[in-house]
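See structure below.
Each chain carries a letter (A, B and C) given by its place in the written order, and its residues are counted from 1.
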Amino acid sequence: MRRVKGSKKGFLKTLKEYRVAYVYIAPFYILFAIFGLFPMVAGLFLSFFRWDGLGAMHFLGFGNYINLFKDTLFWKALSNTLIIGIIAHIPILLGGLVLAYILNSKLVKGQNIFKTIYFMPMVTSAVAITIIFQNLFGFNYGIINYFVSLLGEAPINWLGGDGKLIKVAVIIMFAWKWVGWNMVIYLAGMQGINNDIYEAAEIDGASHSKIVFSIVIPLLKPIILFTLIQSSIGMFNLFTEPFILTNSNWGGGPNNGGLTLMTYLLSKAPQGGNAYGYASSIAYVITLMVVVISVVLNKVMEEKDTVKRKGGK
Amino acid sequence: MTKLLLVIAAIAVVLIIISILHPVGKKVSLYFILGLIALIMLLPFFMMFVMATLKTNEIYSFPPIMWFGSNLAENFKNMTATVNFPKSFLNSVIVTGSHVILVLFFCSIGGYAFSVYDFPGRKQLFAILLATMMIPATAGIIPWFIMMSKFGWVNDFKALIIPSCANAFGIFWMRQYCQNNVPKSLMEAARIDGCSEWTIFFRVIAPILKPAYASLGIMQFVNMWNEFMQALIILRKEKLYTLPLMLRSMVSDRGTDYGAVMLASTCAVLPLLICFLCASKFFMDGLTAGAVKE
Amino acid sequence: MKKKNLNRFVAVALTFAMSASLLAGCGGGDDGSSDATGASDGGAQVENTSEEEGQNIAAAVEEDPSSISGTIEVGGWPSGDDGFEAAMAGFNEAYPNIEVELVFTDTTAHHQALQTALTAGTDAVDVAMVEGAYIAQYRDSKALTDLNVLGAAELKDDFVEFKWDQATSSDGQRLIGIPWDLGPTLFYYRTDVFEEVGLPTSSEEVAELMSTWDGVMEVAEKVSIPGQRWFLPSAAYPYQWLFINRDYYDEDLNLILEREGDLECLENCLKIRENGWDMNVDMWSTEAYAAYAAGTCVCVAAGSWFSGFFKTDIDPDGAGHWGAIALPAGMGDTNWGGSFLVIPEQCENKEAAWAFVKYMLATTEGQNTMFKAIDYFPAYKPAWDAAPELYTEGDDYFGGQAPNAIATKIAANVPVVNNTIMDVTAEGYLYSSFNAGAEAGETPEQIRERLANDINAACAELKEQQIQTLKDAGVWDGE
């Protein structure tokens, strides 16, 4: 567009020309540099040290990262997080899509009521709700075990036992919270799709499942990607739910069944301990994973897209 | 466990058979499933309301009590005796209110700028913005606190309100909405009329953004209303407690009056729910218009 | 081309901003003792109180109480505040010009706020409570005032030895906190249920009966009705009692799980679990609390401070149906927790802070008033003799039994042990590793091995950190 001669002058000139735009976006970058970037960079700096927050800092180089790599609990936490995350995505993604499709296709009446109810879990306090779930899953007095006892079975130790069922409880909570959110987003996307497409497909005799898989999902791809990235971030930040469900146990209950990455990070610092350097290294590994997952998701979505289009031609 | 799964499977089979047999059956099973999910979604809320009217030892009894009890007044008395609910509520309103207003302002101008101005560096800056969304903030909490102390913001709402104005998600959201709903022709017409860029934004654009304000506003409201970790290390004094801190302070090793806690939780969540239910239509509109297409 | 310029500008600007803020933030503003050597002091760069200042403060507190004025903030968790409030009138009389503001929250939040403020070097309360489990991470910290400088050394003989030792730095030079209370471990039981099933109820007889594992199991079997009434909240706890002094590690930081009678103990724990005699829940869970009050969980052991929990929160209407003895099955005299008061070095009114700590913890009046109010058993020995009626007479809540007399006996016998920063984490695993092992049908040996593996995995980094702290203190000779 514009030709630039002196680089410095050119920069200033651009700045002036688009000053409105720059002024509009400046607050974010300024605030982020001060309040977001500084702590993050300081955190990176910390991750190369061993520091208890009170005494001297000791430089370790990549020591924290190497120790983390050898840390069996870290791997346990990672696998727990992935198991919970991946399984929970089935109801969140598929359930969200199906619900959105049903509500959008006018198969039933009262969409607005259902929509509002399904979304309600997003509008609540995590602490309060987790206390209630702890109660629902209680071993001796829980409501779920009450129904189990009505069937004549022995009570199930959801939050104790060998620790496996804690994951189930967490997945249920995670899905409970997020399914409505995804549904609303997908619904929004579907309402943007021209109704003619559905009608044409229906006239062609396509079944609902075919419409979902061959029309709706491809068209909603960017939106699905958006929700996927969002819930992946949610997955890596999963903490309050498993923590309260295991009665504030930093090890995540028996066999570390409910130990998530974020719980593990916080157990090192600043909440459960004071290994600031080690905690920072965990945080950076998590960050790296989130970034990698986002990039991979982006790539996968793009690739599928091009393959489809080629195939279509 | 096995029996539980069996029962679920049996219900599923029955529903499938019904819906294959007859179109009305299909409708019935559809309503049944939607209704069941709605029940599951509502159950925790319902239990919260129920428990707010029970004594703690009634909450922990077997078989569980699943209907309203008679202890509401007593719970209310205990709640007001242990915590200052109105004060905490006011604190939450101050923090959340100013946060929402500032975020809506900064995010709408930012998102708008990204969507309509074609300035150099736009792509890169936007990529940076998206990248910041992916980083967990937890690691930086100690340096962040050191900074807050240096600013003298410990025990000050500013520490919660101002840093959180840098909201990448909000800008992303507003940009999406602007791209789909702000016609460039409108801006150009306004420019021809001699409006300055600021005036265009406030007079012409902002009204169009109302649904987006509603949806982002509710999301931010929910986030800040429930903000816990930062509030925990910043607000040390009881008179500054926001609702989540107040709730937390009611839970103690010494034994917790869960009836009172549930009542307090109910009181803390109700405003959110009411806000959401009132703005539900607006909110959904904002989502629809914002989320559509790239 | 332009793009490149912009990018470079952004990069330079960001780097500049970052390094500037790093210097300002982490260096504490003034020190050059930098990272070149690989070690530097952290954010909490606060000057330590000098001998001379210390003497002045001590003199002011000692000789001229009314000269000290100002407001101090005292932080902690409930029910410490009730204790302070009870003793406040006496304090105000002794130091009429000091205002005290109580900043109280729950235990975890309090410790996190304290740790963050000490790390940052600002905004800490002037006097802070520190729970026994957390004291190890502060004992070598320079962020807390050395109370020996303020003349605390002369109080040493008045306090229970093992508590004093916990607050003394590894090199034995500094003292960072004054012990408030101990938690002589008591075993609480429901006398009404014992009576109902035909067991004796007086503490002497119960102690006699439960002095062996056979007796314990007899009680467990008699009081339990699986699915309805249980002996203990969890079968893991008898095993935990063996470690309740928190002596998990020896001086060389080796994990010591093997101890006298541990396998026999585990065997019986497993038996309790198999027979459904335990609720299988955390003893701190609300589920368990409700069961104590309802009489469906019949026994529980804890530090003697738990008496206060019973009276005010768990079972306020339960007067007369609780009894207490020392730990059963020959597990001996042990201590469970108990807190300290510390004064952060950043406190600007050390006279007032020290006056407060001294009055509350090192006078019989302060300690006994608080003991009466909240059952925090004083670590200050003169308090025991000053008001013998508090320590020997029957307690109405306990149906005329005198748990405090038992506690006093225990308190005198608790040994000095080695505490480390790993203790809290290790303790968390006793419960969950036992449950996991029991669920997997393991033998006592296997459970012990599982526990050792779990603790070692979870404490690896903490142990390195502890070694580093000891090295920095110059008291580590190992490798």
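Here, a contact is a pair of C-beta atoms (placed from the backbone, for glycine too) under 8 Å apart; a residue touches a chain by one contact, two chains touch by 3 or more.
Small disclaimer: the values here were computed from a predicted structure and weren't measured.
Note: the chain lying farthest from chain A is C, by mean C-alpha position.
By C-beta contact pairs, the most connected chain pair is A-B. Inter-chain spacing, taken between the CA centroids of chain A and chain B, is 15 Å.
Rounded to whole angstrom units, the spacing between the C-alpha centres of chain A and chain C is 36. Under the contact definition stated at the top, the residues of chain B that touch 2 or more other chains are 59-61, 120, 142-143, 147, 233, 248, 251, 258. Across the assembly, chain A contributes residues 14, 34, 38, 42, 53, 138, 140-141, 270, 276 that each touch 2 or more other chains.
Looking at chain C, one finds that residues 2, 6, 21, 25-26, 43, 112, 116, 119, 284, 287, 290-291 touch two or more other chains. Put simply, chain A touches chain C in their complex at residues 4, 7-8, 10-11, 14, 33-34, 37-38, 41-42, 45, 50-59, 67, 71-73, 138-141, 155, 157, 160-163, 247-251, 253-256, 268, 270-271, 273-276, 278.
Listing the residues of chain B that touch chain C in their complex gives 56-57, 59-61, 120-121, 124, 142-143, 145-147, 149-150, 154-155, 232-233, 236-238, 245, 248-249, 251-256, 258. Within the complex formed with chain B, the chain A residues making contact are 14, 18, 20-22, 24-25, 27-29, 31-32, 34-36, 38-40, 42-43, 46-47, 53, 99, 102, 107-108, 112-129, 131-133, 135-136, 138, 140-143, 146-148, 151-153, 156, 176, 180, 184-185, 187-189, 191-192, 222-223, 226, 229, 233, 236-237, 240, 262, 265-266, 269-270, 276, 279-280, 282-284, 286-287, 290-291, 294. Residues of chain B touching chain A in their complex: 1-4, 7, 27, 30-31, 34, 37-38, 40-45, 47-48, 51, 59-64, 66, 106, 109-110, 112-114, 117, 119-120, 122, 125, 128-129, 131-144, 147, 162-163, 165-168, 171, 197-198, 218, 222, 225-226, 228, 233, 243-244, 247-248, 251, 258, 261-262, 265, 268-269, 272-273, 276-277, 280-281, 284, 287-294. Listing the residues of chain C that touch chain B in their complex gives 2-3, 6-7, 10, 21, 24-26, 43, 75, 77-79, 103-107, 109, 112-113, 116-117, 119-123, 125, 284, 286-287, 289-291, 293-294, 308-309, 312-314.
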